[in-house]
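For clarity, chains are labelled A, B, C and D in written order, and residue numbers in each chain start from 1.
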Amino acid sequence: MSSSATLMLEAQGIQIWRGEHLIIDDVSVSVPASSIVQIQGSNGSGKTTLLRALVGLAEIDEGQLFWQGEPMTRVRDEFYASLLYLGHKPGITAGLTPYENLMALCPEIVANQTVEKETRKWVLAVLTQLGIGDRIDLPSVALSAGQQRRVALARLTLQQATLWVLDEPLTSLDAEGQRWVKQQIQQHVATGGSVVFTTHQPIEFDDETVITLSLAQPS
Amino acid sequence: MSELMEFLSMGGYAFFVWSSYGLTTIILLAVVFWSSRQLKQSRTQAFRRALQHRNKQ
Amino acid sequence: MYRFAERLAPWLAILCVLTLAAGLYLGLVVAPADYEQGDSYRIIYIHVPAAWMSMFVYMVMATSSAVFLIWRLKIADIVAVASAPIGAAFTAVALLTGSFWGKPMWGTWWIWDARLTSELLLLFLYLGYLALRGALESPQSASKAAAILAIVGVVNIPIIHFSVEWWNTLHQPASITKFDKPSMHISMLRPLLLMVLAFQLLYFHNLMVRVRALILQRENRASWVAELAEKNHV
Amino acid sequence: MTSKKKEGPVNTGEFPSKQTVEFARGQRHDASAGHLCLRFFQRDLRLAVRSTGQWLNPLLFFVIVVSLFPLGIGPGPATLATIAPGVLWVSALLAMMLSLDSIFAHDYRDGTLEQMVVSGNPVSVMVIGKVMAHWVTSGLPLVLLSPLLGLMMQLPSAAYLTLVVSLLLGTLSLSFIGAIGAALTVSINQGGVLLSLLVLPLTVPVLIFGSSAVSAVASGLEASAHLSLLAAIATLSASLAPIAIAGAIRIGVAASR
């Protein structure tokens, strides 16, 4: 793990226009190693667009992105290799079962035949924690939107990534689910990883320093 | 006068030659005017918005 | 860039009018009638330049799209956007004059000749480009997507042309006179070259005008636009 | 990493052995390109098998369109035989167009396409897997059914083999060229019509060589030249198209709100 001093992700002077109005006005974000960065803002404040811009899924008009000190354009593949992005859309294919979806999304758990049985138990264990253990082999179309989000959230444990970028991870989750997600985040940060996420209202982490960036409603 | 008439008749193909020239000029002129109108429009719009933008800052 | 286009435009306009007048005068008045096609061949003085320009403009579009995709030069995208409608107009002119020329020669308005068919397909490529650019809302993705389409298109143009030529020789017994130009006497050739030059100048003049319009549209937040505004209004 | 967590209300599965976790962790990026491509090929194939509509509709469309022509033009065997190659080829082309936008549209809507772009693996390799799956699910059924429809169109018996071979090569190029259009229009909601407008001019060479190959053999001539050109176009599109498709996907994903 890089020492805590080095910066994971850094964005300088990001400006994003949509048509005539400026939705992200000169925002700079820096995400040091093993830290939690919370982008807080009301609906329409452009926090999702900013988050997507950080991972290259939204156009940036002005501004620069850096990954571990290198300009993003040069290290895009390494950046994506160590990124776990959960957006508004869960990324779950309706036609596949949760197990097949997770196998497709997390390359780590694509085990060969000898370990197939073991990996399946591990996926089942994580899904059970999220309360959807019994749905592991149902086609995802039978799952509600909330349950599909939980399948996507299961990747927090199943997938190994140094940087987590999560879009409102706690919405549509019950207290149990929210506690599980917070736990994953704390453990991830404890092992040196970093987490960037958007939220409506600020979230407290008991002993973690949380960097909060609040986006004002665009003028 | 008759020389002009003979020129216009285009050896009997007057209709085809002149209509194709006519159509071409219409299309090309349309493009030219459309572009210059677009320029005028965006000039006024851009100037207005630029001034607004500057006064707002 | 804006000032460069602004200064260049009037010169291009004057040059274009001059060459156009010279070309038309030479082509319509001086050049002798063709022994076989009579005076109807004079349509060639707009058909061939238009057809040539439709191809030329698509090449300009494709190269500026490639420059835009590789080096992210905004001005290259503006040139591609500005040239597309002009290229489409030239293709339409080429098709129209082609069919008007075909009527007296072969008695039908539309003949499936190799060159006319490729011209028709080129028109579809232009329309596809303009439709794609119109359909995508966000300007950045519209420019990039259209740029990819232009490049894919330019790769396909020779293939399409070759396959249409092949298709034409396959289905059309060679005996019917092909569409190529009658053997060109120097006095006929000179106006043709003048007309091609005139069309080139027309295109570049128009390009300068449209480029300025697009620069203003996209840069209206820039400070230099405000100064320009004061200079003109004051 | 697998420290004891506070158990959720229902916890049937116990935790897998340490060895599984370590083994699985190490596999992040050794998946070779072929393995990656195969994974997406199998995924799309499994999806297609599960929703029969996806591969059945183009097939039914192909059958119906071909049978419309004798109704429209009259059942005379002579006329049908002369137009048979053209009719079969144009209907196959249109049937392929029908199923093209489903390659990326579903993945775009549910976010899987985003995950592909963000996964760090080369997008063009995944795209090859997906397009091959589309070819197998919508191209091959057409090819297998075409002799039957050739009978219906009174196609001379000599031409059936060429029909199958030309359609095999042709549908492959159509899948790749069409996928470029599908990727370009992925972020447009009713992109279907625009998709055809963009793609059809690009498919003209395939149509010309394909149908002329069949009609050449039908009239007793040799079609090896046509088929070799078809094969050339197929390899050209199979190698160049994925690059354009990957670029278009990156743009389409960034365009969504």
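The rule is short, and it goes like this: a contact is a pair of C-beta atoms (placed from the backbone, for glycine too) under 8 Å apart; a residue touches a chain by one contact, two chains touch by 3 or more.
These figures come from a predicted structure and were not determined experimentally.
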- Specify the chain with the shortest distance from its C-alpha centroid to the centroid of every protein C-alpha atom present. D
- Note on the structure: Comparing B-C with C-D, the one with more C-beta contacts is B-C
- If you average the Cα atoms of chain A and of chain B to get two centres, how far apart are those centres in Å? 55
- Message: I'd like to verify one number: the distance from the centre of chain B to the centre of chain C, where each centre is the average of its C-alpha atoms, in whole angstrom.
- Response: 15
- Message: What's the distance between the Cα centroids of chain C and chain D, rounded to whole Å?
- Response: 34
- Query: When the centre of a chain is set as the mean of its C-alpha atoms, what distance in Å lies between chain B and chain D?
  - Reply: 45
- Flagged in chain A as touching 2+ other chains are 59
- Can you tell me which residues of chain D touch two or more of the remaining chains? 254-255
- Message: Show me, using the given definition of touch, all chain pairs that touch one another.
- Response: A-C, A-D, B-C, C-D
- Over in the complex, which chain D residues touch chain A? Could you list them? 1, 3, 5, 7-17, 19-21, 23-25, 27-29, 31, 39, 43, 46-47, 50-51, 106-107, 109-112, 114-115, 117-121, 253-255, 257
- Message: Residue numbers of chain C touching chain B in their complex, please.
- Response: 28-29, 33, 38-40, 42-43, 46-47, 50, 85-86, 89, 92-93, 96-97, 100-101, 103-104, 202, 205-206, 209-210, 212-214, 216-217, 219-223, 225-226, 228-230, 232-233
- Message: Under the definition above, what is the set of chain B residues touching chain C in their complex?
- Response: 7, 10-13, 16-17, 19-21, 23-24, 27-28, 30-32, 34-36, 38-39, 41-43, 45-51, 53-54
- Message: Show me the residue ranges of chain C that touch chain D in the complex, using the header's touch definition.
- Response: 69, 121, 124-125, 127-128, 131-132, 135-138, 140-141, 144-145, 148-149, 151-153, 155-156, 159-160, 162-164, 166-167, 170
- Item | chain A contact footprint on chain C (complex, rising order) | 138, 140-141
